[in-house]
Each structure stands twice: as structure tokens, then as C-alpha cells.
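One chain, chain A, links the two complexes that follow: it is found with chain B in the first and with chain C in the second.
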Partner chain A sequence: MSAPKKDHVGGWHKKLGAMDRMRGLAKYTDDLELPGMLHAKIVRSPHAHARIVSIDASEALALDGVAAVITGRDMPIPYGIIPWTQDENALALDKVLYVGDGVAAVAAIDEDTANEAVRRVKVEYEVLPAIFDPEEALRSDVKINPYSRKGNLTKEVELEFGDVDGALAGSALVIEGEYFFEGTTHAAIEPHCALAKVDPDGLVTVWSATQVPHYLHRELARVLELPARRIRVIQPPLGGAFGGKSEPFDLEFCVAKLAMITNRPVKLLYTREEVFYSHRGRHPMRMRYRTGFDADGRITAVESQTTLDGGAYSSFGLVTTYYSGQLLTAPYGFGTYRFHSRRAYTNKPACGPKRGHGSVQPRFAMEIQLDKAAEALGVDPIELRRRNAIAADDLTINELRIGSTGFLACLDAVERASGWKERRGQLPYGRGLGVAGSTYISGTNYPIYPNEMPQSAVQVTLDRSGRARIFSGASDIGQGSDTMVAVIVGEELGLPLEDVRVLSADTDLCPVDLGAYSSRITLMVGNACLNAAQELRRKVQGSVAKRWGVEKSRVVLADRQAIDREDPSRAVPITQAIEWAESEHGLLAAAGSYNTPKDRHGSYRGGTIGASPAYSMTAHLAEVEVDDETGEVRVIAIWCAHDCGRAISRGLVEGQIEGSTYMGAAEAVLEVHAVDPAHGGVHAGPSLLDYRLPTALDTPAIHALIVEAPDAQGPYGAKEAGEGPLHSSIPAIANAIYDAVGVRLDELPFTPERVLAALEEKRKRERQSPREKLPLVAQAAEAEE
Partner chain B sequence: MSPHPPSLLLTLRVNGLDVEVAAPPHYSLLEVLRYKLHLTGSKQGCDKGDCGACTVQLDGQPVLSCITLAAQAQGREVLTVEGLAGREAHPLQDAMDRFDAAQCGFCTPGILMSAEHLLRTAGREVTHAEAAHAIAGNLCRCTGYTKILDAIVDASTKTGGGR
Partner chain C sequence: MLRMPRFALESPETLDDAVALAARGARLVAGGTDLLPNLKHHLERPERLVSLHRLAALRAIALDGDTLRVGCGATLTEIAADPRVRADFPSLAEAAGAVAGPQIRNRATLGGNLHLDTRCRYVNQTELWRSAIGGCLKSEGTVCHVVPKGQNCVAALSSDTVPVLIALDATLVLAGPSGRREVELAKYFTADGLAHTLRQPGEIATEVRVPRPRGPRACAYVKWRPRASIDFPLVSVALRFDLDDERRVTLARVVAGVLGSKPREVEVPATVAGKRLGEVAALVADAAYAKCKPLANVPYDPAYRRHLVRVLTRRAIERLATEPAPGGP
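Moving on, here comes the complex of A and B:
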């Protein structure tokens, strides 16, 4: 026979369960139905800020088919995803803090009756002044969130590394810029949905479209005042998340409480409008940057001041505030660095983590700063980035330990694939190329709630049928984590994917995993899985080796067989090998767990935030066409090279690169998540049409280029791929617009109005000083004088 | 108004079988499919005709079942994603599977119903641009459409040439 074939890791795999989804057979949360099930709806505030004077549910309860109405008083314990900022209630207690805040919930025999009951709940409000601007909120005496300890300041971080002022003073070039990133939201196509039932023995089961079953489990226990062992959380197949389902939402508490009260199963599906109001998406950030460079274009200093508009609740905001500065310090070395970030409460839907949590906004600013510097110094923008690239195993200015980096290879890849060298500067007016780079974490070294337990764990069993089973806590949210663990087990045990069964994201059946956020799963769950699979492999190899009387290292598991490496004609089916091992050891089961290194973080307060086992690297190169009459920006193509360490499954990695790049491009030119202060803080467009999700016709050609710089911390060297490839998509487009028509757009998104205004501004400037504009170096020198 | 007006008795042909179903007169086709016939493959993403996740075919034409009254389907032929495959996967499903074109898969049923119409009416290999037009009413948030379009084009080489 031929040499053993190992085609698992690094191959292309059909996703586990994909065909079920494509045949309409997979049961997402809203597809579940239980006997006697009630439907719940939430009464929501029409006011952005108001005191609840009274709630009268009598007319609702009088309606036939209405089983129960609950209010905030039924669940008064506050919660919050970050243990230090538990500042929200399942339903409002005394005040509503934004239009859409939940006030009461009803359960009825069907949706129509529930909707009618919602209309019949009478809520009397005393309207309070609402604040929609974060700077105003920070100045105001009006306290928005009742749990706040510092007025409307939810978090402030100020960190300095080195003598920034001295470095700026000694720089050959200082670029200053102010940037504004309006908020955007996740807009997963599946709306949030939850279903709860209570068993006769008191076990409360909650099925939820969540990406964090474990955290939901904890918060349910807290708010429902039940021991965690009496709650089971199951995450059914999930219709997209992107960070928008990474903390508990009102509906999960409401269905559980209503099920406990009515003793019947209760389901609640958000309307699309409710999804927009629930939000937890990307924070609006206003960012002021000063970046110093030496004459060769090396970054001497970075200084930033950032205001984050947090909305009504803290959500992940403590982390976001840190991330707005902490995650900027690669892939480029900074000579010195200072950032000051403040997050404010406002009377708006709460912001939280969206794909690329906290660092997409500063990356936008930083990469435009670099582009401005490259022009001022007359250096090719790719070359400028190369000069500043940090090396493998470097310590960043804020003491993050970078492991592997394929950043230079990423720059080479997009430069080559796009034809940058040949085409840049040769394109007609209106067409341009732009480049940008970025980095992202592969999970965080420190979990959300402090503990020393493993961040990820799996159990793997193998039996005489030849089938492996993986019990994994990981949440497959569409990214393919079930496939990833199956590939690893298949690789180690020589099994095709169809012989590997994955049971995941069920807090009763599966070990604890912290969830699908911060791009942690491939590295953490992958490592846990690798440990368990290798333990099983060694057992099987050992038993076969004993039977054959050879060294264990000679036994290879591949192609559903155990094969003698030195005499490939000697082979037995894997079922035989397993039978030998099961006879020798009993049940073939292994537990694998993974915990993060605790020696890789900054030595200062806050230095643990941003510390990751490994960092992915990305470069984007965008080609755009700008119509200077209409102001329309058409993104023609984006090349994205992403260093994921090692692509465990190529199709899935490409899919993450493509999806991330698309999402960034959408944020660049189309999407805005904002409320309208002139209309009392209602959402400016709470529908997929008004929010302007790109269609297939709006999406550029995306070229995914996989770069592999294996990292010692990752399974087979793998790092993250789910979030990194979003970041630099946006500034690459901004820089391409400048290349196309010579205007800098420092506010997002790049709407026709903004493009036209910038072009008009440019024409005015040119009329005033018809001579060629001064290079920025000279401008900076003038400013110094 | 009572939330429960008298039901309509509807006769539809769904995925090749005649069915009789009683439903409130305001029910959408999507509600009848999901709540009455338990065909949950067609998804509700927005309930107002924006996302296309509910796309089914009515007499061979793609329609948004969330904004189609069930009564409009009276006596007509409805094809949902559950009826697309026979014993074997439809070539579109097979191609989407091979290309890893479904990530979360929530939009996929609707995309399949739009794309099947394109392939059936084209009867030949289609271009990326044609595929993009055909699914322009179906929003996908995961993939950036890249692999979906590749899969549709690939499937068209199998459904188009031989007929």
C-alpha cells in the first residue's frame, strides 16, 4: 500500500452539519417547539430617559390567553457580563435608559395574543432629560445609569509608555488627525431567540441563540437566584453572531422567569427592530491622534485621546476602553506611546463588542496616520509599514509578547497579488489603491471573571464502532469550530470527519468553555482537543504496538487503519486497533484542557488586558473607484492576506477572511448605527433595508490570501482568523479613496455626502493656493515655529 | 379586536404533496409553513421582506414568504428548501457544501431558492454577475458572498449543460 495519507490538518473540509442546514433540517432556536409552549413579548420604553411611575398590567392579564406578566421587580438583581460593572437589570426597575429598554414581559398562548397584551400594559413615565452626546454626558449632572459610581463616566484608562512628549518634540515629522467612527452593529440574519422550560424536578433549561452559553449560565443563576446546577443552557445551531450574542439579553431571563411562573415552556423571538435596539455593537469613537516619525519614517511616538460613546449600559465597555489603546501596539513598533480613553454613558442602545472588539476604530485612525506620513516623507506606504514592522517574539511597547508574525509576508502577498508596484500611480483619476495592516489577539490570557481554571476543555471518547465523540463546550456560531475540533481528532486518530461526532455548547453535557468571543476558540479549544486526542492516540498506538511486538512510534493511525510505519503492508482496521485498546484500558476516554500562559502580560495595572497567547497579522489592499460627481465610492476589490499561524481547515479560514473583509467594507461605505436625537432618540434605521446591509451586488471582489507563520502557542501553530481580517479593510479603503481623488475622509462611513463635501473643500483649498501644496513635513515644521 | 378572527381553510400543494391547512386570515405564507406545517427550513430574519431568508417558490417563482399572505398561495404550488433535494442533494446544495459556502447557514435556504430559479430558467452555465443579481435580495452576513457565488456558478455547470 502507499504511504499513510494525512490530509486532515491544512486540508479543505466540508463543514460539519452544513448539509443539515442547507436542507432546512437543522433546528435553530426559533425552530424549536415544545408542547404547551407560550410565546413571550417585551414591553419597551418609548422614551430615551424616564422614571417609571407605575405599571398597570390588569388589562393585559384580563385578555384571554395571557398567562403572565412580569416586571423588573420580579428579577431585581443586577447583572453584567463584566463582574465589576453589573449595571443592568433584566427589566427596568425604576428608570428606562434608552428607547427600547425593556419594562415588562408578557407570556401568552400565541404571538398575536402576546402582542395584544403588550399594547394593553399601561406604563406611566415621568420623562427625564436625555443625553445623546458622550462629551455632554461627561459634563452633565444628569446621572444616566443608576448603578454608576462616577457620574456618566463608565471607564477611564490612561497609560503612558516612555517619554512621549520628548519623543514628539524630537520627531522629524508629526502627523495630527482627528477621526470619528460612527457606530455599527452586527446584524446577524438570525434574530435573538430563547426558549425555556422547567422540568418537574425543577431543572430550568434555556435554549438560546447565544455565543456564550457558560456566561449565560452564570448570569441566569445569579438573576433567577437558582444554583447553577439547576440550570441547563443549550445553544442550538446559531444563525450568526459577530459579538452580538456574547452576553445575556433580557429575553433569556424573561423566558426562564415566565416558564418558572407559568410552568409551561416559553419562547421569545426578537423582532428585527428589537435586535437593532439591543445592539451591543461597535462603539462610536472620537479619536485624536498625534504620531511622530523620524526622518526614515520610523514611529517615534503615538499619542491618542479617545472618547467612547457607550450607550446606556457598561456591557464589555471596561474591556473596550482598554482595547481602544492596548491593541494598537502591533504590527508596528512604537518608540513611545500614550493613550487616554474615556467611555461615557449616553441614553442610547448599549455598545459592546463587535468583530474586532475595541480595536477596529483606533486601527482606522492609525493606518490613515501612517498613510499621511508615507506621503509626507515620500515613502511607499507598504515600505513605510515594512520599516516599522515588529519582529517575531518582540515585546511591544506595552509589554505584549508577540509570538510568531507573518506581517511582512502579508504585505508581500497583497503587494504582489494586487499588482501594486506596477499599477500604483498609473491609475486614472477617480481610481485608487490603498493599503493598511493590523493585528489581533487569539483569545485573552485572563478570563472575564478572575479564576485559575482552564479556559477550555473537551472530552473525547472512542469506541469499538470506530467512531470518536467530542464533547466540546465551544460555541459554533457559523465559524466552524465544530469542524475544527473534528479535524484535530480526525488527524490524531486517523479518522475521516464523518466518523467524528461533535456534541457542543450544552452546559449539562459538555465541559465548560468560555465561549465564542475574542477569537479564542481555535487556539484554546484546539489545544484542549489536541491534548485529549493525543492521549487517546498514544493508548491505541500502544495497544497495537504490543500486539505487533514493535515500538509504539512505529504505529501510525491514518485512513481508518493502524499501519506499521516501517512495514506499511502490515495494517489493521481502526476498529480492530480500538478493540485491542479498549480491551487493554477499558473505556477509551480522555479529557483535555487548556489554560493560558500567565507570564505573558504587562507589569502594570491593566497590563493583563490585551495579553494573548498569540497574535494574528493582517494586511489589506483595496482598490476603489470614486465618482466625483455623485460622491459614490465603489470598492472594486480587496486583497486580504492574513497570518493565521496555520490554517487547520483552509476553506473555513478563507471564509473568515472573506466575511471579515466584507464586514469591514460594509462599515466603510454603507453602515451606520445611530439614534436620532431630534426624534427623542429613536433608532435612525432599525431595519436591514435602512441600515443598508450590503447585497451580493454591493460587495467587492474579495481575494483571501492565507499566510502561515506557525506560533508555538497554537495547535499545529494555529492562531485566530475570525476577527483580525476585518480591521485594516476599512483604512485600506480610506487610503485608496485618497489615492483616487486626493481627499482624506477621517469620518466613517464614506457616504456620497462626505465625499462630495471633502472634494468641495479640496477645490476651495486649491483655488486659494493654486500652487502645489506644501509637503506635510514643511507644514509640520511651520507649525513648530 | 380579538387576536383570533375565524381561520381560513387553505389548500396548497407543498413540496409535491397536497395539504389542507386552517390558518388565521392574516397569516403570511411563512407563518403557515413554519407554524402550521412545521416546515422550519424557511427562516424569519426580518419579517418585512428585507433579508430574503424566507424565500420560497410559488409556482416556480421566488417569493418572500414573510410578506406573501398565505391566502395568496391558495391552490398553488409551493416549493421550500425541504423539497429541493431528492434522495441526493440538489447540485446547488452539493456545490455549496463543497465550497464551504454556508457558514451559519441561516440565509442559505433562501439563497438556494433564489439560485435554483436562476439555474432552472437559464438552463446553461451562469456568470458570477448573473448569480449576484439572482441573490441580490438575499442578505448573507457571514460570507461576503464570495463562496456562495462560486458555488452557484459551479452548480450551473452541472445543471445547465446536459439539458
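Moving on, here comes the complex of A and C:
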């Protein structure tokens, strides 16, 4: 066979739908308009914690153009993405739990009327004590979430592998550190939006900017008390999600309920402020780490204690709490390991999954611990990481079966591309290089609700026009999953991308896929699609072979043709080949599905959480410049090498590497998602003016380096690329700051105030014991002065 | 999406018509990049807006003898790019070019930027957010969250061009129902964040007049913001040094913004006279530090911002000392 064509696996592809987006033609949810459509708005709480004494909607209902007002009582069944922690209501029942919690919803003829109706809904509150600190919440008798079973503890996980205390006692070096990762949010540019209509026959259709149509479908059925067959969920093109749309939100229930009550279509578009309130972003985590090393720098023990600040609801918190420990055990081998993580309710917007769910925070701590150890041991930080790297097919300390790993190749790639060997230690004071590594899952071995059905499925049909159609449940949230399945079908059937149609994320028309989260789609949907496409390919090959009277293996499908491998002058157009196959078999349709292997994790309680069919590997190397008078950090460049197994579409993988690395760098230096306890727990600034995303001018040069260590579990060897390349971006920057000016930043983000304070602290220390522990670079700079 | 309150819109084509409409209590729109977001936050609910967009006469930039006349309708993009402004008043070009981002500068005008409403982290928020803190002096409440027990609103003057124009001795021409008047910008702003200019109802700012330098001069505008674009200034200092032929300081003007609603003129020690720029950098920076005490009215720690006043002022002067003075005859 010849080298892969640019259209096929491993090539560069024009992302499906990209031109529509570029030209403004894509129809996002808010672009949809239906005849007679009403607009809905949600009445939100100004209090962080209060009992609802009464709700009087009479003045709102009296307003011309107001069609309906609903409250929590209209949808009293609680829901939650994790079946064991269903602790939220579409609208508050008896209590509001944070500033911005939904209390009532109105539907009116236009947005202005709906807003005016919101102002007229009179809610009487009895204000309750609010708690914003997770440790305080865990100590307090004030119970925040009414469905909670253990006070304000939403989840606690404690797991130990081996004799940690013994290993620490016997270690040549023990590094202790305390780290704090203040939360961040997704800030997808498209706000959440949902539209619902009810057909005369009772079918409720909900269009939503969601990344989990299937879970939304299930929860709508539960809360609306309708059979799932009477609900259809459609996900239009999405303007970003990053985990912020991976569970049901109040607006989806509200538009559906209001449409059922009014018998008119109802739409609700969040304001940017509401996007911040719905949140589900990265958990603030306070993490205490002790890491033991032997004299050669091998990790003998890792011990951590982590407090997760969960906000008002559980969301994915059960999983997050496990992930805060379970996902740390690669790419380095641990001699022994113990983690203890507790997640608390607080009166804040609920935290959940953001790109790199649960493991970005501990990775920040871990990689700084390694950097501190490298310095203490006098070992090059890249070399220290090499010494600890696990090998392909290793079992981690917590019994995860690692398949392929290209981690060493990732380290080599960033070392070479950045000029680390030549430049490290040679840069002037104020400029530095830092390295970090990480790993991430390619989907979770077990679905969110226990079942043995496939996690992913697609149907592929092929017709005599020479066109393939893919019905895929996968949610293309911008990551390019539609393109991914089209590339696979094109590869298998010899079709260019333009001949492949993809219809996705419509629960009436497409098979079930669990959604775009945990970086599962390329591996799972890709495998399902590959199965279906190969079945069709075999049928077409067989029919052609029969006509030619040759062995099936001689028939190759490529370039819109069926070609005889041994006599390439014999070829027919693919349409002819399909016609032969369709004549022989009837409609050419194949269903492919994928389920995970169940033998790649431990059998202890919790051992399945964190287990994945395959793991991606990443290394980041950052170069920074620190202004030691202002404390400002400028990230000049980041090299990111990411092992995605096999790049099915190189441009999309590079895009994910760049986007992830950018997002990590943003969290490192700018982004903070917090509330203001001094002002009743209001959000610190729920707008894109106050929540600062780096502009193009603030963005470092990002060098995306693709590393491919094919994994037997992935389609063509592919693993994930959407989340892994975020993790080590952050600690690489922290380590580079240390290299530049000799201060450790163990709290995020690295704001100029914080950096300056650390520098002043260091100067104070040095005045007391001059030159004692100065890093070499700083000593050199001093000598020059 | 946030919705604006309903309003009527007028687009007069003559200044007289605009003044007549303004006199009837309409709200002026001079670009709208500040006003419209504030309307979305329902900080005001004007019944009638008067756009000055069609008053072409207000857009001119002209040299008139020893004076540069900049129409209040000139966009910040036009001012930042104007060769006469860049030659004689580089700090004005710098300040105009540092406002927000390119798209906003294409719409925003000088008149609008001079009259940018004061800003505060407790004010420029949505209605719901403000209701959660019970409002404040500048919105729906009766207390100040920046200075508890404070009786005056201390919302921050966030215009980039105001400190610079004050340092350059600019005047502002206003047209009103009873004719025109010219006021010194240095005396135009007050320490009341609720009404921080002396513009009278019905008056429209038409032109800024800036006297051209009579000799060598070095000017700079210091702006600190967390990002390299978009953000309002969280620290701002305008610097102007008139120099003699030996490049020794004859006059120093230092004007700081963002502290409260009134720009602060920092008195510079007389000892700077006769010294070279490089020699006065620390002295002037220390004076600015002593006189400027930022408040928590905008994000980022006030003590840190105060520190930046000193560092960035000193650096700007050091930079000026190494550059040949632009402009001047």
C-alpha cells in the first residue's frame, strides 16, 4: 500500500463544518427560531444561603405578554449527573444555596417582557448563614445541601497502596509541600442555550448547547416524568464547552416544562453572568503532599491530603474526588501511594469537570514536588522524570494497566525543541525554563450509570451514489469528532471526506453515545466507527472479488475506486463497486459499537474509577520572563509534546495541543474563579471583563509536537488529545519561574502581586542569611551587578 | 444576553440640533463603547439617546498656529495614528492607542473617552449582582463598599486620555444652550464619582485644544493592566517634562488617574528643575508614590498598584532619558 493519503488517517483535514463557522452560517442553538416562540428567564437568588419563605408571581403573571411562571414545585424530582448524588433541583425547592441559584422561571413573548416579569416575581427569603470555606463547612453544623447525607461532606476517598509510612521513613529525601489551586471556569464563548417545543402528538424536543445529549435525555425523562421515548434531544453546533456543558442545567428543564405548560416553543439563552453561576469549573483544591525519593531520585512514596471545595452541588464531584488521587499514578512509577481526599459543599457555584477533570490540580502539586526534588538531589529535572517513567504495559501502583506510553519520547521532544541542554542555566536572571509531565485517560472504563451496554455506537450506510452516511451519537463540541469519524470511514472505504456525511448528536436519529467528556470519543466512537466501516468494506470487497473472480484480499478501496492490488490496471469506480454490493446484500448498512475492556484495573473499591482503555502522555517545557520589580510573569513560549497514540487528523490534534496548553497557561497566570465572602458571597466578577482570559497579545508561542506511541486499544492506535495537553502546562510555568528568579509559586494563579510577595520574602530571607540558598542563576546575576 | 432598556434614538446632523436635544435632557452617545455596556447593566435608563455620530464637524484634527485642535468626534484610532499628534503629543497618541482593543478604538471618540463614566468593581455589574450587595452610592444603595462609611462616591476615573491631556495643559470647548465656553481640563473634574465633570445639562463637548510645545519636551503615558489589551487602566500616570536646549528639566507635570473620580496632579519637588531626566526619575517616582494611594475601587490589590505607580513612573522617565525627545521645534 502507498503512504497514507492526505485525506485519510494521519493526514491534515479541513474540519467538517469549519467553513460554515468561519462564514457565520453555522446555526447555533440561539440562532434557532420557531414560530410562536416564547423567551424564558430565570429568577435568581441574591443570597448565598437562604430559605425561600414565599414566592408571589401574581404581579409577573399580570404583565401583558407573560405566558407562565414556574417554580421548584413544578419539577420537584431531584437530579444529578452521578446517580448516587442527585442533589439538585431544576429550580430551588426550599432553599437557595449560592448567589445565582435559580428560584423561578418565566416565559414571555420577548426577552424584555420576560426580564420585567423576573423583576416582578416577589421572593421572600429568610437569610441563613453562608459558608465559603470548605474546611469551615466540614466543621460546621450548618447543612448546606438539603439532600446531603453526611453534613457538608459530599465525598471522601482514602486509598493506600503499600506501606507508605515505612517507605517515607526509609527515603533518602522527603519533599513536603502545600499547594493551593484556586478555581477556574471554562469560559466557552457560546453561553448555554436551550430551546424546547412540544409536538401535537406529545413529543418534547429539546435543542441544547450540551456535550451530553444522552445524559440530558435521561435526566429530562426523570424530572419531567415522561418516558424517554417521548423526548428528543438535539445538539446543534457548539461554541465551545470544555466540560462546562457536560451535565443537565436548569435552563433545559425550564424550557421543556414551560413549553409543555404553554404549548409554545420556549427558548432560554444564559447571560454571561449566568454562565459563571452555572460554572461546574475546576475545583479549588488545597493539597498537602509528601513525596519520598531514594538516593537516585526514584519515587519511593507519595502521600497526599486534599480538600476539594465543591460548591453547592455534587455535580461530578464523586468522580472528581477519586480523580484527585487516582489519576496521578502515571507517567511515573510510585513505590507506595496513599491519598486522602475530601470534598465539601460550600455556598458557591458548583464545581465540576473542566478540561483535565480532577487531575490538573494534583498534577500541579506533583510536578513542583519533582522539581524541588531534582534540585535537592542535584539531578536535571528531565533526567529525574526519565528515571521514574513507567514502561509500556506496566501496572501502576493503583493497578491501572498502562498500554502504550510515549512519555520518554515526549521528554526528548521538548528537550530538543527548546534547546534545554544548551540553554538551561545559561539564561540571564529573570528568564527561566521549566519542565513537567503528565498523563490522561482516553475515556473511562465504566459509564456514569452502571450498565453493560456499549459506551459508543454508530451506524454507517453506503449508497449507490458513492456516498457514506454516518449516524453518530457523539457530540462534536468543536474538538472535531464529526471529522474524526468521517476520516475513519473515508480511510476504510476509499472515499474523500467530501463524500462522507455525518449526522450526530440527535437522540431520535442516532445511536446512543455517552457524550463528549473524559476524552473518550476518539477511542470509543472511533472504534465503533471502525468496526462498522470495516464490515461495509468487507462486503464491498467481497462483491467486487466475486465479480472479478479473485480473492477478496486483492480488492483495495481507494481514491473512489475498487482496485485489484495485483493488477492495478483493473479498477472500477466506487459507485460500481457499491452497486455490485448493494445488489448482493441489499442496503449497505452496518452498526458498530464499542465497549471497554474490564480487565485493566484493580478489584478494590474505587479501583474502576480512573481506569481507562488507554492513557495519553504529555510533556511541557515553558520559557518565562519574570519582572522582579513588578512581579509580572510573561510566558514567552511553551513546547508541548503529546503522545496521542496515533494522530488520526494531525491538524485537529495540534489544535487540541495548542488550545489545551493555552488554557493551562491562562490558568497559571490570569484566571481566578472565586466569590467575595466579604460581600455575601457574590461572584468576584461574572463577566469577561473581570474574568480575564489571555488575549492574543498575552498568549505565548506554543509549539505543538505530536508523539505517536500507538495503543492496541485505540482505533489505528489512537488515544486522547483533548485534555492531556493541558495538565503540565501549569507546573512547567511554575518551575520556569523558579528557574528565572528563584521563587516557588505553590499557589495559583501566579499573579504579579503573589510573585512580587514571594520575591520580597526571598529578599528578606537572603538579608537574614545572605547567599545561602540562592539558586545558581541568581548568584551569577548578583556577581554581575 | 443582557438587554438594554428601551430608548428613543436621535441622530442630529447639526450641532445646534444636538444642543437643543441635549438641553431637553437626552443622553449623548459619542461612540457608545462605555454607555452601551452601562445601559446593559441598567446603570442608567435614559428615555432618549442623541448620537453625535453624524456631526462631521466634530471629527476634524487640525493645527491652528500654536494649538492642536482635536474634534471630540475624532475616534481614538484616528488620534493614535495622526502624524501631528504623534509628532507633538506622543503621550496622547500613546494613551489613545492604549484604550481597550482595536475594534473599540475604531468606535470610541475623544469626547466619549473624556466623559467615560467613573468605574467601580461594585458598580459595573449586573442588576442582580448589585442587588446582592444592596447597591451602593452610585447605584441603588446608600453605602460605599470601597470606603465604608464614606459619604462620597470614589469610583475611578478610568479614561486613558484625561490624565495626559491635563498634563499637556489642554482645554475643552463646550457648546451649550447659552453659547460656547472653554475650560481648562485640569479644572473640569471633581471628586464626586456620581457627577465627576462640570459639564452642564445641555452642553456638548466639541473640541479639545492642546498648546504645542515651545521647546524640547519629553512625555509619556504609563498604563498598567493585567492584559496587553482590552483592560481598563488599573494604574495610570501621565508625565510631561519641558526641557531646555541642554535637555534639563524646566517644568515637570505628573497627573495620575484611576485613584478616585478626579485625576490627581502630583506636585513634583522643585529640586527637579535644572536636572537631567535620568537624574529625576527616582525623585519623581517617589513623589508620585507618596501622593497616590489607590483604593479597592478596581481589581488588584491597592498596595500593589501603589507600588506600580512608583516602579512604572521611574521606568518611564528612565526610558525618556535615553530617547531623543520627539517633537518640539
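A few points about this structure:
Criterion: the second predicted complex is superposed on the first by the 765 of 785 C-alpha atoms of A that agree within 3 Å, B and C clash if a C-alpha of one lies under 4 Å from a C-alpha of the other, contacts with A are read in each partner's own complex, and residues count from 1 in each chain.
To be clear about the criterion, a contact is a pair of C-beta atoms (placed from the backbone, for glycine too) under 8 Å apart; a residue touches a chain by one contact, two chains touch by 3 or more.
Small disclaimer: the values here were computed from a predicted structure and weren't measured.
In the superposition on chain A, A:575 makes contact with neither chain B nor chain C.
Judged by the touch definition given at the top, the superposed model places A:271 against both chain B and chain C. Touch criterion met: A:692 reaches chain C, while chain B stays clear of it. One of chain B and chain C touches more residues of chain A, and that partner is B. Of the two partner chains placed by the overlay, chain B and chain C both lie in contact with A:112. When both complexes are overlaid on chain A, the residue A:140 reaches neither chain B nor chain C. By the touch criterion stated above, A:262 is placed in contact with neither chain B nor chain C. By the touch criterion defined above, A:461 lies against neither chain B nor chain C after alignment on the C-alpha atoms of chain A. When the two complexes are overlaid on their common chain A, residue A:629 makes contact with chain C while staying clear of chain B.
Shared-chain residue A:753: touches chain C; no touch with chain B. The contact surfaces that chain B and chain C form on chain A in the two complexes overlap at residues 112, 115, 191, 269, 271-272, 687, 689, 695-697.
Remark: chain B residues 3-4, 24, 34, 38-48, 50-51, 53, 80-82, 84-85, 89, 93, 96-100, 102-109, 112, 131-133, 135-149 touch chain A in the complex. In the complex of the two chains, the chain C residues touching chain A come out as 1-3, 6, 101, 121-122, 124-126, 128-129, 131-133, 145, 226-231, 299-301, 304, 307-308, 311-312. Residues 44, 46-47, 99-100, 111-112, 115, 191, 269, 271-273, 629-631, 670, 679-680, 682-683, 685-687, 689-690, 692, 694-698, 751-753, 756 of chain A touch chain C in their complex. Residues 12-15, 18-19, 21-28, 30-31, 33, 65, 110, 112-113, 115-116, 186-191, 237-242, 269, 271-272, 477-480, 651-652, 654-655, 658-659, 661-663, 687-689, 693, 695-697, 699, 701-702, 704 of chain A are the ones that touch chain B when the two sit in their complex.
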